[in-house]
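Here you go, one structure.
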């Protein structure tokens, strides 16, 4: 008869909505983030006996998140995440590993009478910048990223020559709309760098290749996007890309005597293709726990 | 004993997701919209007896929406909406009134190596532009608008001197974060105008006043925003504003020996203040059915 | 030159998430609600001059909502809403009208070893019960309702004999799936009744008629549902129904040599038909402000 | 200089919304599901050269999903998922592994005049049943599960004796509301079983232990829930549980002279505790690719 045992566990406080204003000069600065903490270690006493003596409450994790935004500052989400992760691992006895996930929402300054306003912003609304900082007894890992980058090209995309079977009804096409809501996550090989500069550069490279590559398949475009990032940024060891194929179906207008030369589309919701790929280096350092997700390890 | 009778009815096809590409030159243009149609008239035979002979199917309304994007073109949502509404009222016998609601999602051109790309765009993600065109036997009405314009100022906002009762615990403040996700809808007094130019101007005026008015109350800011729009645009008869007060609570860091001079906030989700105001002209023409909503007349 | 003036205004605290436990005996009871308050009156000083002396803060409204759940109790959302609305109008000088909107989420008792558990519940997850109580100097109005009641019949529904034009491609059908996510709101002619009993009865009648009526059109079904409610409940003056036609498209399997006798469907998201109807009495008392919505009067 | 290489890839069609009606007798049956397919293998030619000759289009995967609902039938999501996964791996040359994720939405029969209606249903709205079937050259794995099971107990829960540090402000409590929206996934050690019976049994055991365990910590409750499932079902090798602590904060009514003996709560949205745990057997067979998620391997 088998014994029933406790396996892996983790816990934390998810989705702390911190807004940090820097107001030392009349021209304020703003950082707007959503922070989730996740602690790992031996918390079996809490699970098996309800004994909390090794459990730092998730409420305390929340207080720390807000306190650190002032005490340590919040200038980049990667540094802030690392600082929090180091604190939990180094300062809280029972914690052996910590992962901090952060989403950042960008704001742009309101332009009033041709001038950037010193303390008014409009939420930018485009992609969300993400970071995951993991610290444990073995080292430190940072994964940068972005999500919800909705991007579309109205030509320069084909899909033909594919495998067919008895359930295939799709017609090949040599001109279609290609659109996705990109998720990308890149693993850094170090932690000493200008995070903002690299972020801007990665986003720019991703967009550039999406635009420039004549696409024979979304798979091909994804690979070229990832490769361009690795070519440009030696500090990045690996990049993972996840791309829903947001189908834009050419609407059949021939029934009404109208031509439709890829001019009118129905943007469909579901189902959608979902393509995922990793692009990496042959000599990439080990990933360690960098990809051990907070939510992802269960559905 | 009372008789049970059929009251007001309306029906249509909601949320047609039309994407229109103009590709007559290598520099393409894109319009990305969500269109809802709504027909009014005497459809009692369908309700009382299941007799559809006066009912233009919602599927036909959908086909028309897509066909018109090609046949009539889609250059502004206000004109496109009017064209659809006129068609249903003038060309379909039993239809006595039509309302077309449209949301438009803006895209910006991808910038590749310093140049705007001719056929690649990133979804802008900021506010959604809206339009509602209503046509009936009496005339035509257009309501322009925007929603989801998330705007914040980190100083220049007070809330003090308010009414108190035995349930009041709020402390007055002379410096707070003021943030909202603005919904604005403005009723035009005519239909012959440059819709894009007015839209840009209205948005600019709203943002400008939000930034410039030293706010003693969000109510005051809303009124000033609405007034500025009416002052600048004589063609606008009335503007309605709805603004959730997206509370940013100053986090209490004193427990940790830290000062918090309006630097660290918790951005709360619910509950939120919700303020609504109409700013109008004393000689505004009658609104007719301009505000008879498609969804709004029930919850 | 026209003068610019302030029109209608209203303000309140939206989405207070109150959970009320009754625990006077070991068998607890639970009510789980989302309350929005909305005050009306002359608040022009706040709008025009930023003078808050007549403005009861939305924070105070929130405190009152929670305090009343204890002080006055929460046994039905209709009574609780009325009590709050009366308080704001009668006890707070500048308030001339108040509307309280409430959503209620039902819970069912966990069944453990065949017994209902005294203090454990599972959220029921089905329809949301709604109520809107409005009080002003003229009287009191209650609108009961439900939303998100997702209901489907797999036969007994036709759609044929409809009006056609040059954009019509739909084929008539004599057997289809009919499905909707029903919103219904009914206006009471009084306030002295057993709210829970009427609610259960109305829901039951709506479901019964949806099932029993052989549907020639969703319009017809809606009318029959509304009529049945009015026939059964003389205290209800009027009912409004809003029903998206959640399209279930029969999937074309003939390409694979398979028959599909209404067995396999694609449940589509958008677009969808949206049908709305009012069923009322010829001698219904005036609606007054019963339908002046909190959110709905702007988009 | 490192070489840039393609790593792991996968692709499929996500969120096919299939509704299957069995109508061989007047008493119909309904299954309502959301199916996502995911294929694995060597698709490097598509990524590196845009060569699709080994790529079965996601559109074909969609067609197969719908066709199989008729051709093979849909009586349990676990069997249907396995059948699809086997097909892709065994019948489509280049496919080496397939994972099928399915969500199922339950419907309950409408009760009309005391009788279950033969072809009308109300969507149940409670938890979503999930299944993930993975097939590759090594074998077959099925993970059953549920999500969105919102469950609450109004007493019988403590949280005290926890670790404190300089950021801890939380007070211990010996009576609180405990609520979560449970996600559970259990890995089967075989594929020959009565899926529906086990599902009902697992859900029942989870609810039972949540109710019965006097909780010293949500961690403890989760472990006891998982353990009870493994004790009852030898065919289950492992169970993973993820539970947001849906905080219900006791509202401070003392400011209004009111007692609040755990009677009035604010149900907060964010942040929330998030606890995750695996309960397993010491002799559980290897998990293989059972937990290689479709979406989860990136953010």
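As written, the chains take the letters A, B, C and D, and residue 1 is the first residue of each chain.
Please note the rule applied: contacts are C-beta pairs under 8 Å (C-beta built on N, C-alpha and C of every residue); 3 or more make two chains touch, one makes a residue touch a chain.
What you see is a predicted model, and the numbers here were worked out from it, not measured in a lab.
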Please state, in steps, how far chain C lies from chain B along the shortest route of touching chains.
1
Over half shared numbers or under half: where do the identical copies chain C and chain D land at their interface, same or different?
same
Greatest Cα-centre separation from chain C belongs to chain A
Which pair, A-C or A-D, has more C-beta contacts?
A-D
Counting in whole Å, what is the centre-to-centre distance of chain C and chain D, each centre being its mean C-alpha position?
30
Using CA atom averages as chain centres, what separation in Å is found between chain A and chain C?
38
Determine the centre-to-centre distance between chain A and chain D, using the mean Cα coordinates as centres, and give it in whole Å.
23
Of all residues in chain B, the ones touching two or more other chains
16-17, 63, 67, 167, 169, 255-256, 269-270
Mind listing the chain B positions that touch chain C in their complex?
2-17, 36, 38, 43, 46-60, 62-64, 67, 91-94, 130, 132, 145, 147, 159-165, 167-170, 183, 185, 215-217, 219-220, 222-223, 227, 230-231, 238, 240-242, 244-245, 270-284, 291, 293-299
Chain C residues within the chain A interface of the complex
166-167, 169, 255-256, 269-270
Residues of chain D touching chain C in their complex?
16-23, 28, 30, 32, 63, 66-67, 69-71, 107, 110-113, 117, 119-127, 148-156, 177, 207-208, 210-212, 248, 251, 253, 255-256, 258-269
